[in-house]
Every structure is written in structure tokens, then in C-alpha cells.
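Naming follows writing order (A, B, C, D and E), and every chain is counted from residue 1.
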Amino acid sequence: MHLILFIIFAGFCLAGAINLLLQTHPINSALSLIVVMSSLAVLYLLLGAEFLAIAQIIVYAGAVMVLFTFVVMLLNVGEEEKTHGSKAAKIIGFPAIVAAFSVLTTVILAIQNKLGGVKLSDGVTPMTELSTVLFRDMLLPFELTSVLILVAILGAVALARKEGHR
Amino acid sequence: MDNIILSLILVTPLIGALLIALLPDRRTLSAGVALVFALLTFAFTLHLPAHFDNAKLGFQFVQDIPWIASPNIHYHVGVDGLSLWLIVLTGLLAPIGVLASWNTIKDRPKVFYSLFLVQQTAMLGVFVSLDLMLYYGFWELSLLPMAILIAMYGRTLSENGGPNASLRFFLYTFIPSAPLLVAILWLYAKTHSFDFVALQDAISNGTFPAGALLWASLAFLIAFAVKVPVLGLHGWLPDVFQEAPIAGAMVVAGKLGLYSLIRFHVGLFPQQAVKAAPWMIALGAIGVIYGALQALVQKDFWKLLAYGTISSLSFCTLGIYGATLSGLDGAVYQTLNEGIIGAALFVLLGVLYDRASTSQISQYGGFATRTPMLATIFVIASLAMIGLPMLNGFIGEFLVLSSTFTGTSQAWAITATVGVILSAAYMLTLVQRVFYGQQSNLAIAHAPRDLDLREKFILYPLVTLMLIMGVFPNLFLTGIESGLRQTSGGLAYRAVSLCARPGATCGVQATFPVRGGQQ
Amino acid sequence: MNPQNMPDLIRILPEVVLTITGVLIMLFDAALPATNNRRSLGWLGAVGVTAALWSSLIQLNLPPGTAFYRTVQTDPFSVFFHVLICGIVLASILLSLDALPANQHHRGEYFALMVLGAVGMCLMTSAVELLVVFIALEISSISTYILAGFRKHTGTGPEAAIKYFLLGSFATGFLLYGVALTFGATGTTQINDIAAHIPAASSQLVLAAFALLMVGVLFKVSAAPFHVWTPDVYQGAPSPVVALMSTAPKAAAFALLIRLLYSSFPVLQPVWQPMLWIVAVLSMTVGNLAALRQKNVKRMLAYSSIAHAGYLLAAFAGLGINAIASASFYVAAYAAMNVGIFAVLSIAAGPDEKLSVIEDFRGFLFRAPLLGTLLIFFLASLIGIPFTAGFFGKFYSFATAIHGGAVWLGIIGLLNSGVAAAYYLGFAVKVAQPPAAGSAKLPAPELGVAVGLSLALATTATLVLGIAPTRFLSAAQSGATSFLPPVISDSVKPSTDVPDLSKVRWVR
Amino acid sequence: MSIWLFLLFSILKVAVVTAIFLGGVAYTVLLERKVVGRIQNRWGPSRVGPFGLWQPMVDGLKLFLKEDFIPAGVYRPLYLTAPLIALGCSLLSIAVVPFGSQDITVHGVKVFELADLNIGLLVLLGVTSMSIYGIALAGWSSNNKYSLLGSLRSSAQMISYELALGLSLVGVVLRTGSFSLADIVKAQSAHGALSWNILGGGQIIAFLIYITAAYAETNRAPFDLPEAETELVAGYHTEYSSMKFAMFFMAEYGNMITVSCVATLLFFGGWNSPFGHLFPEPQNIVIQALLALFWFIIKVFFFLFLYIWVRGTLPRFRYDQLMGFGWRYLLPIAMLNIVGTSLVLSALMANS
Amino acid sequence: MIPASWYLILSAVLFSLGVIGFLIKRSLITVFMSIELMLNAVNLSFVTFAHQWHSVKGQIFVFFVMMVAAAEAAVGLAIIIAIFRARATLNVDQVDLMKL
């Protein structure tokens, strides 16, 4: 059961991610990304992170990506133009990515036995434990997030607002 | 008084610079203040020979204050016979420089005079520092004001002449100073001291591996050789001579580099200096000829002076690496001479340039009839440069040549002597073409004035000095020699070099203290 | 709450003060009429930042320790960087007061962003929990992204912002992946605890995590080969903002780098020392060579800042706490002179940044003697002329490196600074060169009180750090002592040998 | 219990609930037409069947049989997906709503709830946030400026009000200490109406915020700007016809029902009777279940009625008023409500 | 049961795809999406490790990453809007007033 679910949703993830790269229209890319995010939410569920799964849906799929599609719609962004990209980025970039990826995979495979496995019966992280850590141990970062969001709001207003009227 | 006099000498020009910067930007005001402070500094420097004890060992007027604990940097200044007269010379050239610039600097005089005084501090600092870091600080500090001055007050009318000369000057000197700093830091890493005396001790005690020490000494050598400049590293000099304002040009070459060579190359690394000596002697001797030959064919008198300077500075190199006491004496003496004669010639050529607005020798001719005083002094200075007996140039050149001939290498001595003859050729040609012969259109058209009061005020002391130094060399040489014997490591170097020669006695070491130190 | 019975809030007092200041600015911004020029907000910000600076000095009286469940740690090191960052922000705010164009939109937000960004930067230096580090980093980055794009009416402003933003977020991705792998390898994200867990962890995973972390951090300090964003961003961003973002976030990132290297991954020293060796050489060489070709002043300074990152990284070739001290000192020195030079540039070029190319500055010394002199002074400091901050910073950094045995690094570095002298001096010479004969006479730029203060601050700092650096040095050194073993871990004794890593020796 | 039995029951439940839900949707439409008719002093549909009761069937048939017209120039893939997303989300959200007591089980399977999640409330929010895509994509893919404007308005409006909506729920969650809807209802069961969140829980402000935000979320009057006929033709579904239009229609009414259900669960004690234990509880489990269902449906009906009532009486907001109201008043009040609630709760906790 | 490494490899693959997207996509907004993909990939790693260590901290981290991503999205999109206003294009290759 777990295997099937994992394969299905991992498949969705990969398909979505690849589709994100292949699609030329931003809105399609955005939708692919939503698929990736939603599938990730399911994977979180499989890993026992129930709260995160739903937070993923609410925050990422429901808020962040809405913002993306909103902007795509607002600016009426058309198809991507096929222009030649930076050659250097490709020449250096791709081998670097392939190398980095293979290194990572080797590392992960090498420590595979240490890592252990994931079972459906592993249980779900209780919300109480989550909130204890969040509101006690991680109180400072939590409060700090408010500053972060304040900064983001300020900035978004300052940048996106048309000049001429305050 | 004795223990703060050096600080006083250093601080006075700096205060002057600050004061000028704060005062309004008016020509006479800035120049006046600068003159006052330059004279004041000069007066303070005169304190040094007056109270200098030739018999005493080691550095005098020492002031040693810990500056930074880690890294261990001290504000450590002191004077010995080697630096004594150089300091006085620097002090003397400052008011002369101010006077020489009095009329020529019209734009932003404030910037000019403050930078000039800062430069003055930096040069004085180089001569008095006994802490390598402090020394390096002043060494580098001396670059920038000069570079800016050249850029701001480039004399030719060409668009980028000043800036290019300035860049060239700066980079030529700055880039070699990078290895120099590395070498200093490397020394520090081993000893945890920047103190000159302590390092001298450490090096002679064999604290350092010889191979690496050779590289370190090389870094020192190159950094200083560029500043002299030694042949091959002289690329910046002609441009600078052509472009720099007179007050700057007269101090830019020679003494800083030569002093540093003696004190910090020969003084710190006697054994390595011996290894370098054959090369340096060769460069020196060839430099004498090369400079002279180049000077012969120059059409522009600034360039002629530049190559002439290279030629006569090469004598100093020769003297230093000839590794005899009299040779070193001669080198130091020649350094002083160069300062005085060079300054005089610069002022003189400046006057010419002021009158005729060109530096092309071919345009001149027959000036002597219109400007007899100028011609006279010019001839005296030229003769001093050539090395006529009774004038100061003779003493230096003679000491160097004779000691090279007897102590080092007859072949090189002869080569250099040829250079002396050549120097007579180019200087006299210059005199002949500028002042004598048929009156040129220029001389007629411009109807040049003779020397005015200010110019006389500059030149008379210099000429007097040439005569005094030519007649009573011992007045100066005693101090210089005592310095060389006692403190600068010159003798250690000589001892080493003597020992290195087959069949030589090494007993000198027993007779004199090999190295100086605070007793 | 914590063993010393100190109220935890005192440990983040500067951040609290800054946050309150930022919020106050916004509230007043809303309350002020639209026609108000909002200079008062800038002054308010300046006062707030000064208060924060002062309050971080108070922390010196506390014994070093952690707060908020071991997420922040105040020690002399963090105080050093707090003071530095607050100083930079103060100077930038004062500078902005006079250098912003008269028609600048969203002035209130501008000042609030500067102050709130400082919260992130400050916290980055005292955070010992990677989560706090991450959020603080984001606060500082996001506020600088926005500030970079503040000249949005120009084509280059938003372009700078988007490039900065995309590449910055890209780097954040790497940093975060590194954090994830660190967490995976060690099971903790507490910076001080990581070291203790490394011996038990899989060394490959630790290495991979470390590499990814370094990519992220080196990106933030704009070290080669992660420097590509710097020139464009500096060119497009408003000069007062560049003064801030070329120094303060970098200082914070360096503080983070130091914490990571010396608190979390001291075991990996055999790996990171040669790695940083290479990065340092690469940064200075690439930076200087590229800067030589630049015609635009801000681009030139951007490349030079890459080179300076290289000089700074050279310090890490040194041994022990000396490396930390000299790196900290270099950050301070670089901050002083770079803020200064950008202050001069923004006043000189005016709010519309009319003077952008080096050629435009020809004869500037004749036009504005004081500003010109200052410009040359700061350039001299960047070159490393003695008795300026730049000299002493460079000297100390290379001294440490050479002391640590990296003589070649010292030679390469100092030769590089020789190359660098070429373009700095080229600029200085252009400034000093008499103006072209036929050129139109431009009016001398005006010098306001605020910008005067800011310039005075930068000049004094540059001079003091060059002439009497003792106090700052000892502050940096006492900061560095925070990394002596007892503080590194208080739970498990770190063991220093990881067998397969210590054999790795690449370049020395 | 075997997994197959569980699956069978689940499928059965899904089928039943979907059927009832869709039927509810159909009759809510009828209800609206009737009630609005009365408000406007007319009869409403009354010809088809007794009291017009067959009207929804006929409407459905009509929509089903109409030509399914796809305009040229639309972006087909999204144009086709959008209504599915909208309806899908609408149907999905009812899955976590419990209609009756959890204690009533058949073979261990809870009868009155499709999915028992302990983060049910968050799932509701998540689904709501996803439902924006239906509208947004519909408007954009239609390649029609009215549609686009409608969908832009709608996305902005939904994002804005979702915040207030979410925050208004926090008070309730704080009081209960759980995200599970069943737990929330249980916490209100002690003393009848007195312990309902709206009264005893002191969440009346939260309720008002919730109901306001929910109206905006469902694009209902007075916040029905995305489909304001006088300004935007028909907003995001201008270009839709036949079944695709019907899907949007069904989604909207489905959302209304869900919102009403949630309001009932969160603030009005769910299936609990308002009289609490005043009357003895019937022993028969079937009666118990039916009674619970009765109360639940009554309350939901009340909220649906309220929806229609509001629509019939209140004028539409202007767009800037709408946004201003959401951000300047609703959001701060919701925050204050949270602060107040937590202060009171902590005070209470300190006392006990 | 499936090995935890599968999740990690999936995460690595997604991360690499994100990096590739960053390099090849030519519209600013899709480049930004690629970055979001990278962050999501990292989140998956975090959750996996949190599961493996039985530590809530990893999950908390993800939670914060989401918050940050939301803030970043707001700012990033604001910048994108600003650049679209100034330049009327979102093509990476046309946003090149300042050449490298």
C-alpha cells in the first residue's frame, strides 16, 4: 500500500517537475508546480507529517501558487520566447548539476542502511508535540517570522505600487 | 627634547598639512603656511646634527612606544649616522620645494601644499623608522600623495600625461612592495617582532632557513631597487621627471630607495646581499653608462635630467654593493649630492621652462647673454653633477670609483669611469646648447628674465652647499662613517664579504662590533 | 529560563530596539501627511539604530551565554558584529537622508526596511540555531532585495532587484539543502551542537552538507565563483543602498561563516582550509582582473568588493582564533571604507546618479575639494595605503595567513592588491586630473548635515582603524576567544578526529 | 474489520453523501429563488410540480441538454479543467464534515462522517484555498476581459478574506484545543445552547467575522463582485454554458452548504440540541441519530436561509470598499479576537 | 515499508530539476517557480530526516521554510511586476541593460 502510494505520488512529483521545465506557458508551469506541491503533501502524510501536509496545501498550493497564477494573469504573460540562453551557464551548469546530483545520490545510497525505512504504521506526529517545539523551543524564530513578513509586506507595497499616489 | 625631537619632526609637517586643509583655499596663504611649517621642520632637523654624538654606538634620539600589542608593532624611531644627513637634506628640500612651487601652482593650492607636507612626513618617517611595520607604513604612504600630485599638476600640456605618469610611478613602486610586505610578515611570523635590531639579531643568529631568507632578501631588494631606480626598473622615472611638479620631482628619486637598500637590504641580510652584489655591481656600472648614453641623445631636457639622474644614482648602487666602507661612504655621500644637485637642476630647468614654456633643448640657445645669473648657477650645478673637484659630486664619485677599483673590480670601475666622462659630455652639451651659441628665436621672442629674488633665495643655499660639501667632506663623512660602522650592519656585510673572498682576513669582526644595538 | 537568570530579552535587546524603531517608523509614516518629506523618519531611524548600538554594548556586561532555548548566543563576537552592523546601518540611514532623490517614493518604507533589515543582519551574527540563522538571513536578504530595486522608475533598478532576488533565493535553496543534510547527518540544527555529533555521523553526508552550506554562504559574501550577481546589483541599486548592502549583510554572512567553520565544523578544517584557500585566490584574482576592465564606477567597486572578500577569506588560512580576529577586523575595516566611498559617490553623483562612468569623475577634486579628497582617501584605504583601515585590515589578514604557513597565499594576495591599486589609483588619478579644457562646469554637490555626519563617521572609522586599531583589534580578538573550546560544546565533548577526513590535504 | 468492508462502507457513504449533497444543492437553488421571490414580493417558481418542487429537475435537464459551446480562442485544457476543479473542491470539502455524533458506528465505521481527520478544520481551509484555482483559471482561460477581471477580483478577494476566515477560527480552536471538527462539536455539548461557541464560548465576534468572510469566500452577495452582472456580464463564467456552467453553479451552492455546515459545527454546537440535557436523551440509538441529524439540518437550513436573506436585502459593495473592509477592519478585529480569547483562556486556566 | 533513501533521492532529483529549471527557463516567473521547486525538494528532505530522527525539529523547519517562501513570493512577484512595468517583458535575456 505504502509502496503503491509512494510510487504514484512520487511519479506525480517527477512528472510535474519535468512538465514544469518542458511547458512554455508560465501558467502551465505553475499548474505543474501545484501538482508537485500537492503530491508532496501526500508524501508528507506518508511520512507522518500530517500538519505539514495540510500546511503545504494551504500555504504553498493555496497561497503562494495562487499568487503566481495571479501575477501571470495580471501581467498576461505570454509564451516563453525561445531565445538562446547564456551559453556559459549551460556549459558549466549542466555538468555541475549532474556531478552534484550524482554525488548526492551516491552519498544517500551509501548511507542507505543507516537511514532505515518508512512505514505507514509509524504514526502521525502529534500536534501537541509540534506546537510545544514551535511555541517554546522555537519561540524566537517564530516571533522573528513576524518581522520577516512585515518586511515582505513593506517591500511588496513599495515595489509593486504604482507611483504618483500615496 | 632629544627623545621627542623625531616625533616633532614627523608631526610638524602633518600639522601644517591639516592647517592648510582647514584654511581657505588661497595661493599665498597656503604656500605661506606650508613654507612656515617646512622651515620649522627644517629647523627641527638641524637639531639632530647639532646634538648627534659621533662617538656613541647605536641609534640616537630613540623613541620606542608600543603601538599595537598583537601584532607586535612599536612606534620605534631613531637616527644614526646613516640617516642623519638624509633627514637634514629632506628637511632642507621642503622649503625649497615650497618656494619653487610658489608661482607655478595656481589651481587648488590647498590640496597641493597639504599633500606636499604629508609626503614630507612620509619621507621623514621612512628615514627614522626602526620598526619594520612602521617603516613599511611610511614607505607606502610616501607613494600616494606623490601620485596624486603628479596626476593633478602634470606639467606638460598633453591630456593624459600626468595621470599616466602617476599611474606608472605608483604601480612600479607599489607592486614590488607586495612581496616586500610578505617578506616582512614572514620574518614576523618567525620572530614575533618587527623591530629592526631584533630582526637583525635573529637573522644573524641563523633563526631562518637560508633558502627562504634569500627569497625574502630578494623581495626587499627589488622593492627598493625600483625606488632608486636601478637599471632595468627605471621605467617610471623619465615620465615622472617630465610630468611631476618640480617640488615633487626633486625628491622622488634616489634617497629613499638607496637608504632602504643600505639599511634594510644590506643591513638585514648581509650574506644574501653578498650574493646579490655581483649582479648589482654590474647593473650599477652598466647603469652609469646606459644613463649617460641615453642622456646624450635626449631632446627634452627633463628626460635628459632623468637619464642623468639614473646615471649618477647608479654610482650609489655601485658603491653600496662594492662592499667597502669607503664605497658605502661614497654611496651615501653621492645620495646627498644627488638630492642637492638634482634639486638645483630641477629648479633651474623649471626657471627655464617658466621663461620659455618648452623643454625642447633644440629651441633654446644663447640664453646666457640674457640671463647671466641663471647661466652661472646652471654651470656650477652641472659641474657638480659631472664631478668636478672642489664640488660635492667629486667626493662621492671619487670615493665610489676608487673603492670599486681597489676593492671590488677594476673592470667595472673603469666602465663606470667612462660614464663619468660621458656625463661631462651630456651636461656640457646641454649647457652649451641652452646658454651659448647663437641666440635662438625663443631667446629673442620671450626676452627671458634673469633670476628673481625668490629663485635666488632657493638657489644660493644649494650652490653654497655644493661648495661646502665639496670642500669639507669630513664635516659629513664622519657622521656617515660612524653610522655605517656602528649601526647599520654595513660592516657586518663588509666582514662577510671579506670573509667570502679567498685569502682575506676575517678579523674585522673582532675589531668592531659587528652589528649595532642599544647598549 | 537560562542558567544565568538573565532575562532572555536582554540577549536580543538590540534586535528588539531595532524592531520597535522599524514599527515606529511605519506608524509615523502612516500618520504623517502625504506632503511631508519624511526626513524625520530617517532621523528617528538613526536614533533607533544608535540606541541599538548602545544596547548591544550593554550585552558586553553579561557573561557570554545563550537564550531562548539555545537559539541565540551573545558573546563578545556577536557584540562586535552587532556594533559594526549598527554602525553601518546608521551611516547608511544618515547618508540616505540627504542622498535620496526629492521625489523618492515610499520614503517611510525605505527607512523602515533599512532598520528592519538590520534586525536580520544583527541576529545572524548571534544566532546559534540554523533555523534562526535562516530566518534572519531571509530578513536581511529580502529587505536588501527590495532596497536594491528602489529606483524602480529606471530600467536598471528593478533589473538589479530581480537579479539579486533570483540569484539570492537560488543560493538560499542551496544553503537550505545544506541545513537539511546537516540535520539529516547529525540530528540537530544547533550550531554549537553539530560539532559534537559529527563523529557519529556519516562523513560523506556531513561533507555534502558542508559543501552545500558553503555554496550558500559564499554566495552571500559574493566570493568567486559565486559572485556573478554583484556587479549588476551594485550598478542598478541606489548608491546609499549599495553602501549598506555591500557591507552589512556581508558582515553578517561572514559572522555566520565564522560560526559555521569554527563552532560547527572545526573537524573539517583539513577540508575547508584548502577550499577557502582556493576560493580566496579565485575571488581576488577574478575580482581584480574584472575590475580592471570596468568603466562604470559602481561596477568597478562591485568587482573590487569581490576581491576584498578574497582578501578576507585569506585570513582563514591562519591558525585558530587569530584567523577569526583578523577576519572580523577586516570586515570592520572594509565596512568603514566602503560605506565611506559609496557615501561620497552618492553625494557626488546626485540622486539621479548622473555620474556613473569613471571618466565622469575627471576633475572632481577641482570641483569639490573636500569630497574629492575624501574620495581619494577612501580609495587609498581600499588600495591599502598605510595608516588607513584598508592597510591594517589587509596586513592583519595576510599576516595571519602567512603565520599559518600560507606564504603563497600571502604573495598572491599582495600581488593582487598591487593589481587592484591600478584601477583604484586610475580612478583616484581621474579624480585628481584637471578638468578637460572645454568641459562644462558642473556645480559642486551640496553637503547636508546628515550626510556630513555619515561621512565623518566613515572617515573617522577608517582613520582610527588605520592609526589606532588597538582597541578594535582587541575587541575582535576577544570576540574570537568566544570560539575557544569550552563554548563550542557544553553537552558532549567533541572529538577532533574523523579518520578519513584528516588525511585529506590538497593545497598548502 | 477487514479493509474491504471498510472500503465498501466508505464507497457507500460517499455515494449517499454525494447524492444528498447534490440534491441539497438543487433544492437550495429552489429555496433561493422562492425566498428571494417572496422578499421581492413575487411568487418565485411555482409552475412545475407542487410549489414548483420539480423546478430543479427541469433546470438540470435544461442545462444538460443545452448545446455545449466552446468559444474560439479559449485556452482549451484549462477552460475544460476549471469547472472540474471548482466542483471537485466543493464536493471534497463536505468529506470532512461530520453530520452527527461520532459514537454512532456500524461495524466500527462511523456513520455520520466520511473522513475522520484530526486536522479536519485545516483540511477545510486547504480545500477552500484550492478552490480559487477553479475560478481563476476559468476567467483566465476564457480569453475574455470580463472573465479575466472577474477572476482577478475573485482571486484577490478570496485571498484577502481567507486570512480573516482562518483567523476567526483560531478562537474556536483555542477553546477546544483540537482541529478535529468532531472534537469541536463535543466541546460544545455540555449545556446546550449555553455552551455553544457563539454564546458560552464567547466567540460571537469570531462568528460574525466568519460569516462575513465566508460570504466573501463563496462570492455571494454582498460580496459577489466577481460575477457582478451590472459590471462584468457574468464574471468568470461568462463564456461557459451548459453543463460546465452548471458545474460552477453547483460548486457555488455546494460551497454555501459547506460553509453553513461549518458554521453550525463551529459556532452552533453541531448536532447538539440547543436544550442540552433539559430533556432526557432517547435511549434508542436510531432516534438519537435522527434527532442529531434533525438539529444539524435545522441549523444548516437556518444558515442557508440567512445567505439568501442577505442576498435579497443587502446592496453590493464597491470593489475598493470590499478590499478595504477585509484588510482594515475584518483582519484586525479577527486578530484582536484571538488575543482576547487567549487572554481569557489563560486567565481561566490560571484560575482552575 | 520502503527505505527512507527513496524519499531523499526523490528530493535530490526534484532539487536538480529545480536547478536545471533555473538555468534553462527563460521567463523570470518560471525561473522563480524553479526556485520554489528547489525549496520544496529541500522540504521533502527535511520531513524525511525528521521522520528518521523522530525529531519534530525537521518539521518545524519545513513550516518556517513555507512561511519564508510565502514572504519571498510576495516580494519576488512584486519585483516581477515592477520590472514588467519598467521593461514590458519578463524574458531573462531581454532584462540585460547591464551586461555581465
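Basically, a residue touches a chain if its C-beta (ideal position, glycine included) is under 8 Å from a C-beta of that chain, and two chains touch if they have at least 3 such contacts.
No experiment lies behind these values; they were computed from the predicted model shown.
Common neighbours of chain D and chain E, listed by label, are A.
Note on connectivity: the fewest chain-to-chain touch steps from chain B to chain C number 1.
Ranking A-C and C-E by contacting C-beta pairs places C-E first.
Placing every chain at the mean of its C-alpha atoms, the farthest one from chain E is found to be B.
A simple rule picks the central chain: find each chain's mean C-alpha point, then take the one closest to the mean of all protein C-alpha atoms, which gives C.
Set against the Cα centre of chain A, the chain with the most distant centre is B. Separation between the centroids of chain B and chain D, computed from CA atoms only, is 94 Å.
Measuring from the averaged C-alpha position of chain C to that of chain E gives a distance of 25 Å. Between the Cα centres of chain A and chain B there is a gap of 69 Å.
Averaged C-alpha coordinates give centres for chain A and chain D that are 29 Å from one another.
Of all residues in chain E, those touching 2 or more other chains are 8, 15, 18-19, 32, 48, 50, 52, 57, 60, 64, 68, 71-72, 75, 78-80, 82, 85, listed in ascending order. For chain A, residues that reach two or more other chains under the stated contact definition are 51, 55, 63, 67, 70, 72, 74, 104, 108, 111, 137-138, 141, 145, 148, 151-152, 155, 157, 159. For chain D, no residue reaches two or more other chains under the stated contact definition.
Annotation, chain-chain contacts: A-C, A-D, A-E, B-C, C-E (touch as defined at the top). Interface residues of chain D facing chain A in the complex, by the touch rule stated above, are 75, 78, 117-119, 122-123, 125-130, 132-133, 136-137, 139-140, 148, 151-152, 155-156, 159, 162, 178-179. Within the complex formed with chain C, the residues of chain B that make contact are 21, 25, 67-71, 107-108, 110-111, 133, 136-141, 143-144, 147-148, 151-152, 154, 159-160, 162-163, 166-167, 170-171, 174-175, 177-179, 181-182, 185-186, 188-189. Interface of chain A with chain E (complex): residues 2-3, 6, 10, 13-14, 17-18, 20-21, 26, 29-30, 33, 36-37, 40, 43-44, 47-49, 51-52, 55-56, 59-60, 63-64, 67-68, 70-72, 74-75, 77, 80-85, 89-90, 93-94, 97, 100-101, 104-105, 108-109, 111-112, 115-119, 122, 125, 129-130, 133-134, 137-138, 141, 145, 148-149, 151-153, 155-157, 159-160, 162. Note for the complex: chain A touches chain D at residues 27, 31, 34, 50-51, 54-55, 57-58, 61-63, 66-67, 69-70, 72-74, 124, 127.
The touching residues of chain C, when paired with chain B in their complex, are 365-366, 369, 373, 376, 380, 383-387, 391, 395-396, 398-399, 402-403, 407, 410-411, 414-415, 417-419, 421-422, 425-426, 428-430, 432-434, 436, 469-470, 473-474, 477.
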